[in-house]
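Should a chain be cited, it is by its letter among A, B, C and D, assigned in written order, with residues numbered from 1 in that chain.
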Amino acid sequence: MLQFAAIILLMLGLYGLLTQRNVIKIIISLNILEIGLNLFIISVGYFEGGLAPIFTSETPANPNFVDPLPQALVLTAIVIGVGTTALGLALARKIYQKYGTLNLDEMGEN
Amino acid sequence: MELSIEIFILATLAFGLMAYVIGRLHKQLGSIMTILGSLTIFGGIAYLGFTGGLTGETAYLTFTQFEISEFGLFFAIIVSFVFAMVSFFNPFFIKQYKYPALYSMLFMFSLAGAIGVFFSSNLLYLFFFFEFVVWTSLFLIPMGRSKKAASWYYGFSAAGSFMLLFAILMIYNANNGSFHISGIGSVTGTTQIIVFIFMSGAAFTKLGAFPLHIWLPKVLTNAPDPVSAVFSGGLEKLGAFVALLAIVNMGGIGFIIPSIDMYFGQMIIATLGALTIVFGTLMAIRQDDAKKLLAYSSMSNGGYILVGFSMLTSQGVAGGLYHIVAHAIASTAAFLAIAAVARVAGTTKMKELGGIIHKMPVTYMVYLIAIISMAGIPPMGGFISKWMIFQAVIDKGMIFIAIATVFGSIGSFLYVFRPLAALFLGQELPQFKKTVKEAPFFMLLPMIILSLLSVYTGVLPGVIIDFINKIFVDMQLNYNIVMNGFAIEGYTSGIEGVGPSLLNPLLIACVFGVGVFVAFLIFIVLKKSKKIDLMDTYTAGNFVYTEEHLHYSVDFYAPLERLYEKYIHIMKNFYKSLANKVREFGAFMKYFFFTNKPEITVFWIVALMVFLLWGDVL
Amino acid sequence: MIEILMNIGFGLGVATFGFVLQTAMGGINRKIAARLQKRRGPKWYQEFIDIFKLLSKRATSHGWIFDFGVIMALGGIIGTAMFMPITSSIVAFEGYDNFFIFVYLIAVGMLGMAMSASGSGNPLASIGVMRALTTMLAYEVPFMVVVMTIIKLTGTSSLTGIAVAQQTGDFNWFMIALPLGFIVAVMSLMGMLGKKPFETYIAPAEIASGPMVEYGGKQLGMLFIMHEITIFIEVSLFVHLFLGGAETIIMFLIKYFIVYAVLNLVSNVLGRFKIDQVVTFFFKWPLFFAVVQAMIAIHLGWVI
Amino acid sequence: MSAILLIAVPLLAAFISILVKKVSPYLLLLVSLFALVYPFFMDMSDVIIGGFDSPIGINLVVNKFALTSLIAVNGLFFLVVAVNIAQYKKLSSILLVALAGLNGLLLTGDLFNLFVFIEISGIAAYLITTTNKKPLQTFNYLVAGTVGSSLYLLGLIILYNMSGTLNMADMATFVEGNGMYTLFPFLLMFIGLGVEAKLLPFNSWVKGILGHSNNLSGAMIASVYATAIALVFGKLLAGVFQIEGTLALIIALVLGITILAGEAMAYASTKAREILLYSSIAQAGIVILLFTVGLGAWATFFAIANGVSKFILFGVVNRLTEEVGSDEMDQLKGSFVNNKLIGVSFTVAALSILGLPLFFGFVVKMNSLIGFFEPDFVSNLPGGNFIFPIIILVASVIEGVYFVKLLTKLWYKDSDVKVNFTPLFKYVVVVLAVALIVFGLFQGEVEELVASLINPGGVFIWN
């Protein structure tokens, strides 16, 4: 189920990228896409009833861990996503300074 | 004495570099280096070639291999000779160029490349030298009149040389990874046909044959005057070289057409060659620029070479080879004569010129002899080659090819006469009375040498026929041209009791001489005539005082031109629209993919995905 | 050496013979044409008188190329005529009377004349030359196709060889063997001789006699000689190619007379083409017939 | 000495440079010089990071291929930086990050790690392109780049889910057995990388970026980044992906269109920079095509030759544009009349791209084409044996026509376009041009060098 949610988010993000004409909204669409992706990554490692992959004294003898790697990966991906978003927003600000608008259609550049 | 051919190539390159260095210090001195260089190279190759002192060993250019073949030697001698003759003109033209030192260098470099092509036994390096000639000669062109010609030249040349490359790679593939030149003959089946098509394509582009001829008139018109001569007399012959490899060396391609006993592939080549002749002739007739006219004549003569080769008979192939010699000499001489005029008159447009003969009689005679040879009239070299080609065509009984060859031959009277009448003869226009004078001795020298050779090849063909026979032996072809004393044996029908057709050029020349002598006697014994002014002519009761009005040189063949003027731009328009199609495609793609909208990329990604998923491909 | 000199002398004799023959023929035919038109006409030797008168007059010259061209023209034509066989046995250079020599060596003469005319500086002359060359382009192509057919069939391009092939019975006279080709050749010959309707390049009314406009005196006289010999060459070519040549000199004279007279009569009842009409005319039916004839003869082998 | 230094040192320097702004340009120069020299002394052994063994932990792969690409990319990087740093001192830290990212790209042997480096170098690239003063174009680049890398990540995760490994070598062995299931993720990854590698139709950002580029960004993106991305792409195509069936068809289509359309678009352009940028699209297509069909060794050098040429071309054209104020070809007419040295170098670079003899481009193009025709060569793309050489050759013809047009325009005109080049730039350009000629002349040596990239089995090695 989780995968479906992720895919839907991905699709939403793509849809936003295709249709939105506002710079900020495009960045938001990008973020939605990334969140969908992150969710997807997480979902890869997860299964119903899995335990956190940490060995403690209470860990059963034959532990049913979830895959820890996607969780590690997703952290990196999130960080990168944040970086990109920040850069995008900075650019948005520049764009606004230059054109006085955030709407792509109103910028008058081909 | 023995020398390796690579020494010559390296020496040519060295001469080029020297010409550059010296040319940077002093323009003319640099160009004099080109004279020294090309004369040395020509002398060396010709001397060692005839005495058998050339070897193909490589000590420096170890990446490639050379082999001394008779046909390579044949071409190398012709081309280096043309270069040597033209190089005499360089010092007189060098001041016109924007980059004189570079000119001298590239002039020598293209000679080096050409020699490399003729002697390479490694096909890949044959291509290497082929391309080398392309780009070195490429930069000679824009030093002339138009810069656009260079890109036309490159477009066609590149198309041609890549066709050659493709053919070479096919040969490589078929011969288990060997680039040796003998591989051309050993391909079979479909590969053979593809190789044949592509190699012929390369030959056609270099030779400027229909339908790949567009660059030729453009380049020959707009290149600097000596370079036009080099192209027409020398570099074009690279195409003939490839044609020889493709058409003759590969042997018959495809099935045999029974009624004329020709292979289908050769038939196609012959047809295209015939079209080249007709096209070149018709276009040459209507030109106003003397250089452009000669350019189209070069094209049509290229057609003769192709027709000759494609006959695959002794007469045909020998005629083609002989035509290479005759045309190289004649067309170089003609281009040089026009260049000499252009140097003093500043134009080659025939409607702006007139009466040059009164100031430049020697140049005129050179041009006259050259065009007599080009039109295939005895006693010049062009007659012999055309005669042999006619023999071959009749032998095969190919009517349409015959029509084309005859048409081109008669048509050549028409067009070669144009510059004669409009440029040299007619009223002496006042603007040339003061400024124009005969070319200096060092320009006349090569022109005179070329004229003498034109006559020599037309009177005593023995030496060249022997050489051609040696080429046949060397290429392991079953052809032979028999010399019967001074006469050449032509077409033998095999009908009982009928001997071969004989042509005795020496006899013709003698008889012609006797005729002229008799006419001269008649002329000289009769009363001496009174010399009158050119303006003193019959004008049906009108009095005309301006020379221009008594000079008929614009639209000379107007009635004839009107008959076909609608159709002349077909091929050019085809290539122009091809170029436009590429441009439109590019503009379309640009419009389609390169708008400044961030969603475009996303759209394409999604579109590709949807297409794949929906189409159930995955 | 002596032999060659003898041959050359012989050849010069042929040329002289041709000149005398054609000049006389020309006179006779002028007479015939005059009678048809209900005139008395000039004497049969009128043309000789004209030529000798011209040669004896003092002339004007437009510079060296003007004279040089005339010499080259006459010289070329004399040279060509020297190769011409009269009968199958009377030929100056046996074995070397190659058809292509006649086509191409004659062109030297033409070129010389064109050069000289252009050198006169008269635009009318240049126009005449232009028309002459254009006409040449028109008639030469169909003619050559027919001749090539003959060469292919007989297996030799030697003129006597072709004539002998017709005499020995290998072929009928080619005027019968190749009827279509014969018709084409007749038309081409009309063009070659500059007879109406193909006399556009002389066109006295429009361009004042075309190439000849500037000439007078000895130059014109020499060009007249050249003209007569040219006609001799062309008509005898025709005789050898299509009428089976001649075994005896009488036969040659008869055939020659018939051909020339018939052509002359035909041309006298026709008008004149415009120059572009000449070209389109020759490139339509004559060329078509020539090709059809060649196809039939060479590829199908149907020779009567 | 460990290869990790190539990534760690620039990153460290990047941090330091933020602290001490004054010395940052020198630091950058120093570090990029270090990155250029260091590979020559590096051990040829894989580096394992974090103590986990290869399939599990991240590893850096150091082999001939990596070394060659490192030297080429870092060399170009150093030259770009050296020529431009005086003008763009502020960017020092970013360029250091870019260097780290690029080195990481070329070294890493882990697919996810590759993603991280793509993003690092990508973000640095976005920042470099902000110097174009066209924020909107940079924004386009950012969106396209991010979507691309997201797709790469998506594909990667799907692959991980199937195979349970992220290591390239491990993945390659997994793919061997499960070819057809990996189509979809591979396609995603291919598209993702295709965005960066300028493959049509995922490259709409290129025009905005390179069409308005300046000295720094033009050379950086078209030369350094293009070479690096092409080589990385090549690493994946040659080493990990198994291209057959539908994927091969799609890739063949994409590449064919990229090459032809790239040249056609360049042909249709009248602006010097646009011509160059579209031409580099086509070149990228050719390089990736070569990698795809398994001619990796020559593709490597193709990418490098192209990078060197593009450095000269973009460098010169951007400089001209800056002086003249327009990059319309007609405005630039006669620029080389007074700058013969630059002109000759430019010409050499252009001729090298066209693949004309005497120049490096010829050696590379010829041998690549010969590769297609080796008797035992079997292409994994449909029609690869014959169609693609023809496409490359046709493209070369079109390419030649517009380059010759450009060259004749730049060389001939009587007007006085006066452009001053800094001496340093001149030296660099001339040295590169000479290098192109030298590599072109010593073909045998180049061939040996290339042969060393191919292991005895005849397969191009990436690890």
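Keep in mind that, in the parts below, contacts are C-beta pairs under 8 Å (C-beta built on N, C-alpha and C of every residue); 3 or more make two chains touch, one makes a residue touch a chain.
Values in this document were obtained by computation on a predicted structure and should not be read as measured data.
Asker: Which chain's C-alpha centroid is most distant from that of chain C?
Answerer: Farthest by centroid: A.
Asker: Measuring centre to centre with CA averages, how many angstrom lie between chain B and chain C?
Answerer: 34
Asker: Calculate how many whole Å lie between the centre of chain A and the centre of chain C, each centre taken as the average of the chain's C-alpha atoms.
Answerer: Here the centre of chain C sits 96 Å away from the centre of chain A.
Asker: Where the centres are mean C-alpha positions, what is the separation of chain A from chain B, in Å?
Answerer: 68
Asker: Per the centroid of Cα atoms for each chain, what is the distance between chain C and chain D, given in Å?
Answerer: Measuring from centre to centre gives 76 Å for this pair.
Asker: Using the touch rule from the top of the page, what residues of chain A touch 2 or more other chains?
Answerer: Correct list: 14, 17, 26, 104, 109.
Asker: Would you pick out the residues of chain B that each touch at least 2 other chains?
Answerer: Where chain B meets two or more other chains at a single residue, that happens at 595-598, 602, 605.
Asker: Of all the residues in chain D, which ones touch at least 2 other chains?
Answerer: Only 136, 139, 143, 147 qualify.
Asker: Name the touching chain pairs, please: which are they?
Answerer: Every pair of chains in contact is listed here: A-B, A-D, B-C, B-D.
Asker: With touch defined as at the start, can you tell me which chain D residues reach chain A in the complex?
Answerer: Listed in rising order, the residues of chain D that touch chain A are 112, 115-116, 119, 123, 126-127, 130, 135-136, 138-139, 142-143, 146-147, 150, 153-154, 157, 160-161, 166.
Asker: Across the complex, what residues on chain C touch chain B?
Answerer: 4, 8, 11-12, 15, 55-65, 67, 70-80, 82-83, 93, 95-96, 98, 100-101, 104-105, 107-108, 110-111, 114-115, 118-124, 126-127, 129-131, 133-134, 136-137, 140-141, 144-145, 148-149, 151-152, 154-158, 161, 165, 208, 213-214, 217-219, 221-222, 225, 274-276, 279-280, 287, 291, 294-295, 298-299
Asker: What residues on chain A touch chain D, complex-wise?
Answerer: Residues 10, 14, 17, 23, 26, 30, 33-34, 37, 40-41, 44, 69-70, 73, 76-77, 80, 83-84, 87-88, 91-92, 94-95, 98-99, 104, 107, 109 of chain A touch chain D in their complex.
Asker: For the complex, give me every residue of chain D touching chain B.
Answerer: Against chain B, the touching part of chain D is residues 136-137, 139-140, 143-144, 147-148, 151, 183-184, 187, 191, 195, 200-208, 246, 250, 261, 263-269, 278, 337, 351, 354, 356-358, 362, 366, 369-370, 372-375, 389-390, 393-394, 396-398, 400-402, 404-405, 408-409, 411-412, 443-444.
Asker: Okay, in this complex, where on chain B does chain A touch?
Answerer: Residue positions touching the partner: 595-599, 602-603, 605-606.
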